[in-house]
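Below, chain A partners chain B and then partners chain C, in two separate complexes.
Now for the complex of A and B:
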């Protein structure tokens, strides 16, 4: 960062700051991995990832609170709901041209948020939902005990979440890389490069695209669950479409068609966004929040103009160029 | 082919069946559906309520149409899906607020200034971003994400300076006009009428004037239009001026009937997209008809479901249109 921003660098050496950044980076790694398989490897423009995130968080919270489902089972249930929603959207809209699909997914995510806002009986409306994270609080305390037994202190109680979210993210990255090298992954790329050629080889393009969207929904739902645990509440404001586009900034920063790049992009992105807190100017909270989104927008414009393939991406993988 | 003239890949499959002329069949089906819904509502809720909600819907729909006409022209002619278009409306509304409330200028003058400022904003983005990117042959994903970046920059720069407070323009918000037993706010009436007249005028201009012909040529094939002597730069500049001014006006009209806030344009973006798709990308008149239909459907829905759900009708229509007839009521893959 250059320019007139005077940054008090003292904050950057705090453990609490970095564990906060780390948790958010982990959550957005999961979110953007879903975008990577869709946009980077399959060539479908999913602009509704925030919708899957919201469904994951809400479905988990509702299952735990209203149906008293054990937490881990509720997470599986939440993934199932998100995947079912992805199937409905995919079956109806994946045949469309890419630009129409992006509009349809953005609309679907907004519809989810409006449902969360208006169906007060189910979702708590603008008040949101609380009290779904008791099982996690117990597990978190257990992990903290183990950590202090080996001499690691925890400044703000985020270390357990940090460890678990990155464990899941790393498992996801390894699994996706493995999948991408499999015959299935090669078919995805073939569809992205030339759908007609793939179809002429007997590959059902729609089915592969649906599978890709289902994986994105799974990752989106997981990121929503972790976001809910991080906030310890869910409400509609936490799932505005901005989340999808912070995810896109993460994706492009890391580079298209690179799963490892997503993690890199997420860490850079959230370090930048959280560092805006230390901007030493007489600004209100609203102004700082605004500044963060101006930064995201400027980053998207700058990357698209000067390095659309991102830091680790390969130019030849940018096939959405027609 | 029907929709092949737009950006190529994965063209939505047109469902052309039967013997009716291509454009008129979906239009007839739509008209029939609207008439049936209207009659059903009259039977259950009475003529007065149906007419009253339809009137409210036309007023709202006209503003949506005005927002949609700029988006549809840019989409059709420049093949740019401009997700920042909603924030052009916000920009116009805030410019009018500054001129009208902060500087104390009369609302009409403030509106004209806001339109001019928004047109300049559109042109500025064309000069600095879209033009250079087009010359470099940027892909669709690149342009879409840049437009989202532009949306963030516009909206949150406004929020940085103006804050999140909800403000109002200095217009008459209490006077009510009564026609045939129907009541409508004076400002809403003016906003609706202005919207309809301006969109219709833009549509006529594009159909009759030479500029409209040149726009259609650029829309079909930019490089071919250039080689046949069309001054494509002027066409592009004209497109942005129309789109920006119409967006600015739509923002002011919406702000006059509701309020001014940083999310104003983004909240209208999806109804506007619904009108663009329903009317057929590139069609000014399509945007008008679709905007009005959308407004009426939105308000009619309040007769049947709680009014907090009415904005979801826009999404439902958008999704249904995308599934059933993605090229819209009037679309044949042509722009304007």
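Now for the complex of A and C:
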């Protein structure tokens, strides 16, 4: 075997690599669960999930740093701000046709990022914000102590975050599945299928769509909080539209209308994106960074050709949906 | 007006336009409680648009719409449906990627589980309602000979079966007045006859009032108590089927002045 492959295999057997991938996959599971309830179950094309992620991260950081709010309360506050923002977008734009709504969400998310970049007094601009994660650092050390007590070592200090982010993601998956099986979830699906039919049967479609969007905003804000903890600082580059689109790639990979598929899609996606770092090619770093996305694009095209419903999606729902 | 023959639906001077075209241009009509009323007229007369206006799907420009005495002009569609006026669509709207039984359960009113808080806080009430509604849905599916398909996706049904499902689903919503937009279009004659018999039975047994748009003149003449004729956005005439069939204005509306007995058109 030649050099590059050996290096790749070497990197892939490191614990540190997998905990890094695991944290990112957990964060994007939360982000894409929000997309799943919108796109897969309500028929709302939300392209602005990165915006809710940004609001979650910034609101949490600002509440902790400037207002000295305890960390957990700051997380709740961040969710409240994201939901309020979702209501503003929803009430002004959800009456639009699906494709126009998606443009409105994309624009809103970009507006949030531009605000973060330029309102330096509040957000630190491109310098970003840090110093919001002392409470988490303490909790993280506590978890590490427990882990070492049962003999589990932590190579790069990411295990506590890995555990907490996946715990939250699993709780979210179970809760969303429970909601989806309820009569409330049935109305969401009906709206996805045909909004006018749902309205003609006495369902206030706008109310359900707003609720769906609020849940997506909540999950987006949570993913933003975890992203901030993972990076230890918050800056605008983390919330480019790319984040929403990776979320969509996760969604398509796992399959529409499957919450479990989101977790699977996020793990595959981030394994691919991170593993390509180890491939030693005669290319510059920026070229390799682009190549990662070329690879993901090719994978998605292949998936669309051979399994358009994604890995866990239901083919019947896809074919009959139209 | 006395309760004995109060109108279920009173439409006065409603209008609706798309750009420069006034699709409905001051239409006025009355549907008596417990009647089966047919709405006929040539293509483009504004029949479907009138349905859209009275059920809240098209913006209503002026005029008044009363359902059992309650003014409902400019109400949102879901509020009108909850008040008891339920409609079907010209292009059948079966919720294809949902099972037939879920189509039915969806339509049932008063399900506490459609509120997020109740899903979490009152699971017993949600389950109790769901069980009661499921029995009712099974009965209705049996009456429409769809029970075999209860667990299949609605998209796998034939066109005629979808029409039946849409009617059965509308009945789950406990309507007082059902608006059917071309219930017989694309349905084979024996299934069509069955559908008309269902309408007669529901009127006598459940006291449901019907207003239906139909181009099948034989069905209109044999099954409607009253016929309302629209042309160019207005109601030009209404009366018992035989009287309407004999009226020159109807023939003019359909044929632009040439006199041919209506039976031959059918």
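A few points about this structure:
Rule of thumb we're sticking to: the second predicted complex is superposed on the first by the 298 of 322 C-alpha atoms of A that agree within 3 Å, B and C clash if a C-alpha of one lies under 4 Å from a C-alpha of the other, contacts with A are read in each partner's own complex, and residues count from 1 in each chain.
The rule is short, and it goes like this: a contact is a pair of C-beta atoms (placed from the backbone, for glycine too) under 8 Å apart; a residue touches a chain by one contact, two chains touch by 3 or more.
From a predicted model like this one, the values you see are computed outputs, not experimental measurements.
Touch criterion not met for A:147: it reaches neither chain B nor chain C. After overlaying the two complexes on the shared chain, residue contacts for A:182 are found with chain C alone; chain B is out of touch. Once the two complexes are laid over each other on the shared chain, residue contacts for A:65 go to neither chain B nor chain C.
Number of chain A residues touched is higher for B, counting chain B against chain C.
In the superposition on chain A, A:297 makes contact with chain B only, not with chain C. Of the two partner chains, chain C is the only one touched by A:203; chain B is not.
Legend: residue contacts after superposition of the two complexes on their common chain; A:76 is shown touching neither chain B nor chain C.
Looking at the shared chain after the overlay, A:107 reaches chain B, while chain C stays out of its contact range. Shared contact residues of chain A, touching chain B in one structure and chain C in the other: 318, 320-322.
Per the touch definition, chain A reaches chain C in the complex via residues 178-179, 182-184, 186-187, 189-190, 192-194, 196-205, 211, 316-322.
For chain B in complex with chain A, the residues that touch the partner chain are 3, 6-13, 81, 129, 132-133, 137-146, 148-153, 155-157, 159-160, 163-164, 270, 273-274, 277, 306, 308-309, 311-312, 315, 318-319, 322-323, 326.
Remark: chain C residues 55, 57, 76-79, 81-82, 86-89, 93, 95-98, 102, 105-107, 109, 111, 113-116, 119, 126, 129-130, 153-156, 169-170, 173 touch chain A in the complex.
Residues 39, 45, 92-93, 95-100, 102-104, 106-108, 110-111, 114-115, 118, 195, 242, 245, 248, 252, 284, 286-287, 290-294, 296-301, 304-305, 308, 318, 320-322 of chain A are the ones that touch chain B when the two sit in their complex.
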